[in-house]
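A quick write-up on the structure given underneath.
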Amino acid sequence: MATQIGRERLLAHFRTMARIRAFEETAERLYNEKRIPGFVHLSSGQEAIPAGVCANLAAEDRLTSTHRGHGHTIARGGDIQAMMLELFGRQGGSCGGKGGSMHIADMRIGMLGANGVVAAGLPIAVGAAHAAKLAGEPRVVACFFGDGAVNRGPFLESLNWAAVHRLPVLFVCEDNRWSATTPTRLTTAGPGIAARAEALGVPACAVDGNDVAAVDYLAGELVASVRAGGGPRLLLAATYRWSGHTSADAGAYRDPAEVARAKTDDPLRRAARALGGLGVAAEELAAIESDVAAELAHAVQLAERAPFPDPAALYTDVQDIGAPTARVPA
Amino acid sequence: MATQIGRERLLAHFRTMARIRAFEETAERLYNEKRIPGFVHLSSGQEAIPAGVCANLAAEDRLTSTHRGHGHTIARGGDIQAMMLELFGRQGGSCGGKGGSMHIADMRIGMLGANGVVAAGLPIAVGAAHAAKLAGEPRVVACFFGDGAVNRGPFLESLNWAAVHRLPVLFVCEDNRWSATTPTRLTTAGPGIAARAEALGVPACAVDGNDVAAVDYLAGELVASVRAGGGPRLLLAATYRWSGHTSADAGAYRDPAEVARAKTDDPLRRAARALGGLGVAAEELAAIESDVAAELAHAVQLAERAPFPDPAALYTDVQDIGAPTARVPA
Amino acid sequence: MSRMSFVEATRQALAAEMRRDGRIFVLGEDLGRGGVFQQYRGLQAEFGPARVVDTPISESAIMGVAVGAAMCGARPVVEMRYLDFTLCAVDELVNQAAKLRYMLGGQARVPMVVRQPIGLWANCAAQHSQSLEAWWVHVPGLVVLCPGDPADAGPMLAAAIRADDPVVLLEYKELFPVEGEVGDPTLPAEIGRARLVRPGSDLTLVAWGGSVREAAGAAELLAARGISAEVIDLRSLWPWDSAAVLASVARTGHLLVAQEATEVAGFGAEIAALVAEETGARVARIGAPRTPIPFSPALEAAYRVDAARIAARAAAFLARHR
Amino acid sequence: MSRMSFVEATRQALAAEMRRDGRIFVLGEDLGRGGVFQQYRGLQAEFGPARVVDTPISESAIMGVAVGAAMCGARPVVEMRYLDFTLCAVDELVNQAAKLRYMLGGQARVPMVVRQPIGLWANCAAQHSQSLEAWWVHVPGLVVLCPGDPADAGPMLAAAIRADDPVVLLEYKELFPVEGEVGDPTLPAEIGRARLVRPGSDLTLVAWGGSVREAAGAAELLAARGISAEVIDLRSLWPWDSAAVLASVARTGHLLVAQEATEVAGFGAEIAALVAEETGARVARIGAPRTPIPFSPALEAAYRVDAARIAARAAAFLARHR
């Protein structure tokens, strides 16, 4: 970890990443134990990217996410209890139980939503930035997406639009090398994602996405230039997805050696080592991890006991005009 | 005209271009005189590109076109009489009167169709090439599109696909600087169309699109490399659209000086000058032009007298299974 | 009341809304030159290119940017040029705009208007003439409006802009140049109310958009044959005024729905089915055959659901059931 | 006859077709690892990556490439993963595949199959659970199939592949693992014929896809209440077997259409409207409310059109009209 970073800042990153890791491991366990409905897309191994990027966002900034959205929400300061309730489909969930993991969102912190459609977040992020610019509001929008999303048309349309209008968007590509069960390189032509962005008028920088200090530093530079009106930027962060594509996917198609090698490059352990170098005792980190574990255990306990939404909630939040009327119960 | 080209070949180009020009001018007049239904998108001023490209296609090759498809069809050897019947919506039209100018097609010459949706031809061309490769057929597909189409998602998805599969596609971008009534540069970010293609793994070459010999030469090189299995290529041809976006558009939003300047760079006159240099007498060219004029006049005469399709044809060519049944006449 | 074209009424309504509310902006292709039907003539000069945005040819982004902007406090009005091009932005409209408020448990709203010029016009053939209102009515979250005459054009647009929901506004291309008596075009309409075009006693004829004229023409033809048809302009397709239709059918005992769109699985099926469910009255439909839209005027004439065809269908329907 | 799952039947049918005809190729995401529902397990090993193509995440290109390939002699089978992602490729399906043969005056055909896994499954919520069959039925040029049990799964796929038209094949996700008695899964079905699931005399219950099981369950519940319901599995939505439905309704006098999709402007409206037009019999529908699909199991339970709800609707319907 060559990048200079202060002790407190790195400790904060460590805590953020530990919370994400614990959330993902908890979600995975809950899924395997059939205690939560639906699927979850886990981001274990990728924690340094949301941690490093979101640390550079101001209160008024916004972000869009992907199907793999827990980490972005947590790094942005999302409420873990509400997220857990959402995963369980209960009252008090971030989305009242209507969205689930794949649509997790928290407008109070400018988190416009995970999204079940690959690349759908890109034009939404650009629209959020367009609105901010139109209103003269000094907001930056961070737009997270995966390496597989660069093969969808909205990638081109969104980057071009953002560049034409010089909008305050930081595009963040989490390059974990996989598009579901397919290695992205097999379906992706050309010299790379950075070149695609540059060809669309969006300057791009690559970073080691498992090095939280490096991500933080570069994201800081890019957010500053975006905020100063320099137009959109792209941060290309290399990382690896430790688990299967969804919680239902064992990932058997991947070479176990590849996975094992990737796991040796653990963003949390890297941060821990650097913190050691900065004089932080191992006990302090262990304390953070046990805090976080307790937080998660508590969240699960509450969520599992929480009531399900009233069936009448099926009919609310659809639309004002022409809202659906409740069926007579069968 | 620096490029070496033989007399006969250039004469053939001249004739092709003269036929396109005459067709477009005729269509424009017919529209203005309200003798044909619908709109026509005219390619006057852009003739050198289809002429130069299609001269390099073999009998088994294929092409896709745009809303502005007359020139591509004629250059490929399409039947002008059938085309004119189609513009009039009559029996014997290329598409039996069902498609009109915007859907003109001729499968006998591998012309898969003009298309009313910008960029829709790109994945179709890629699919045609994919099918050829799968079947082991040695066919090249030429895919024409405009500079405005590079802002639609299918541009990215199609080029990427063609490059991943090393498909035999020659993408031809007719850069006439305008997207309908909007200058393309105002809505397009980045270093340019060639850079976009290269970023998607498709090597690109630029050419003066009003110089038919240059287009011919470069298209020849590119088609050869595509045919040899080198994967897709993009030819970026600079030109200008002389008329309005459609026949209904006077083009008043354009600086008259810009139009006038562009018209001084007439691909036909350039070819004529070069032919003069190769010893072709002005009379010979005049004879070609009057041949062509007669051909067009004859085509119009026949088309205007041809019968409309039988109303029963409304119901044919839809589908085999679940075909529509004719309504009882009112 | 003054005489005004449909398109002029929409221009006035839009300009008035934009003056009233600085959050409104319009985005689409070629708007600075007025747009295909001159719906935007003069607006860029008044409001500037930041509020009347000339977009790239990027339908997915046009729609998706509007969604993101709407979630964040702006009030976008999207111009799709032709309804048909919306087919390049369906994920953004249906998976995103329509569902986001729900998926987010009410945390966000998506107040945007999607203008879709719809229907046959100038022999534009299969990819520039479709009527797909049935699709949008089938999508939870969307409001679907379809003005049928110049007097409604402005008020419907104003109401769409003021709605906090995503609204699809279907504007029949053939109506744009039509003139009529118009009240204040900037006064927002009440959404969800049908309009009685012509009273009658033998048959209820329901139509919307461009078909309202044809239905009215059919009523004339029927009157000459001694049949009294009541013509209703639905105006709003979701929500639609089932009360008005049911009340009319209760009087006439017969319903005929006339639509320009393909008859099979069209919106007319919903109206006919609901009336049949609720009343047991005799119902009938007329719409386009299940063929793509042909170019040739000869074929288009065979395709079109015009006044004569509607009248013939009505007469045959009544003859069978009376 | 042998016991087989729905998904296994489709695998056998596809493999048999691919062995028979070298022009057939399959394209979609992750097919080499079997696809989301393991519909393609083992096929890449047998046929190689050129005929079982792992595509980029490029739905527009997947569909558009299939269109171009189909026009040029190949027989593509497109996998959309979830019906919902078809919304990223609607221009290619509706403006291109469905219309090209017509626009080109019959010069080309577009023989392709678009497999769309459809419906509720595993609480996948609003963007992974939709049923939009009504949309495709409304589009001239498309054939729409929807097998409702394992015995039909293979034959329907084989028939779709052999058709020279673009065919949308809707496969209910919840049916994939269901086992049943299956004849020869590779024998192409006759398209356009409904299947009598259970005879009855008081009411005709029409369903398709995943709702067939629910309708059959409802018939059981109704039988216990002394109501005899005839259950028809439509199997093919365009063309649909109106003759079979009309003949049944002629006997029972009552029609109830049950669908998983949103009731408003759903395909059930077409069936109800046509039966009402043709017969004057009493008709009724049951479908989902006009809300996006919720995640929480508690809300999904309230949303779902299950056997109990169908039976209750049927009983209330008959009580009102008998």
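Just so it is clear, A, B, C and D label the chains in written order, and each chain counts residues from 1 on its own.
What we mean here is this: a contact is a pair of C-beta atoms (placed from the backbone, for glycine too) under 8 Å apart; a residue touches a chain by one contact, two chains touch by 3 or more.
Only a predicted model underlies this, so the values are computations on that prediction, with no experimental measurement involved.
Shared contact partners of subunit A and subunit D, listed by label, are B, C. The chain with its Cα centroid farthest from the Cα centroid of subunit D is B.
Separating the CA-averaged centres of subunit A and subunit B is a span of 46 Å.
Distance between chain centres (mean CA atoms), subunit A to subunit C: 40 Å. Centre-to-centre spacing of subunit B and subunit C amounts to 35 Å, using the average Cα coordinate of each chain. Multi-chain contact residues, meaning those touching two or more other chains, occur in subunit C at positions 55-56, 58, 60, 84-85, 88, 91, 95, 102-103, 125-127, 140-141, 238, 289-292, 294. In subunit A, the residues touching two or more other chains are 93, 95, 97-99, 103, 115-117, 151-154, 157, 160, 164, 186-188, 318, 322, 324. Under the stated contact rule, the graph of chain-to-chain touches is complete, every pair of chains being in contact. Subunit A contributes residues 62, 64, 93-99, 103, 105-107, 112-113, 115-117, 120, 122-132, 134-135, 153-154, 157-158, 160-161, 164, 316-322, 324 to its touches with subunit C in the complex.
Residues 151-157, 159-160, 163-164, 186-191, 195-196, 198-202 of subunit A are the ones that touch subunit B when the two sit in their complex.
Against subunit A, in their complex, subunit D makes its touches with residues 29-30, 32-33, 54-60, 84-85, 88, 122-128, 289-292, 294-299, 301-303, 308-309, 311-313.
By the touch rule above, subunit A contacts subunit D in their complex via residues 37-39, 86, 89-90, 93, 95, 97-100, 102-103, 115-119, 148-149, 151-153, 179-182, 186-188, 253, 308-309, 311, 313-315, 318, 322, 324-327, 330.
On the side of subunit C, the complex with subunit D involves touching residues 84-85, 87-88, 90-91, 94-95, 98-99, 102-103, 125-127, 132, 134-135, 137-141, 238, 261-262, 264-270, 272-274, 276-277, 280, 282-285, 289-292, 294, 321.
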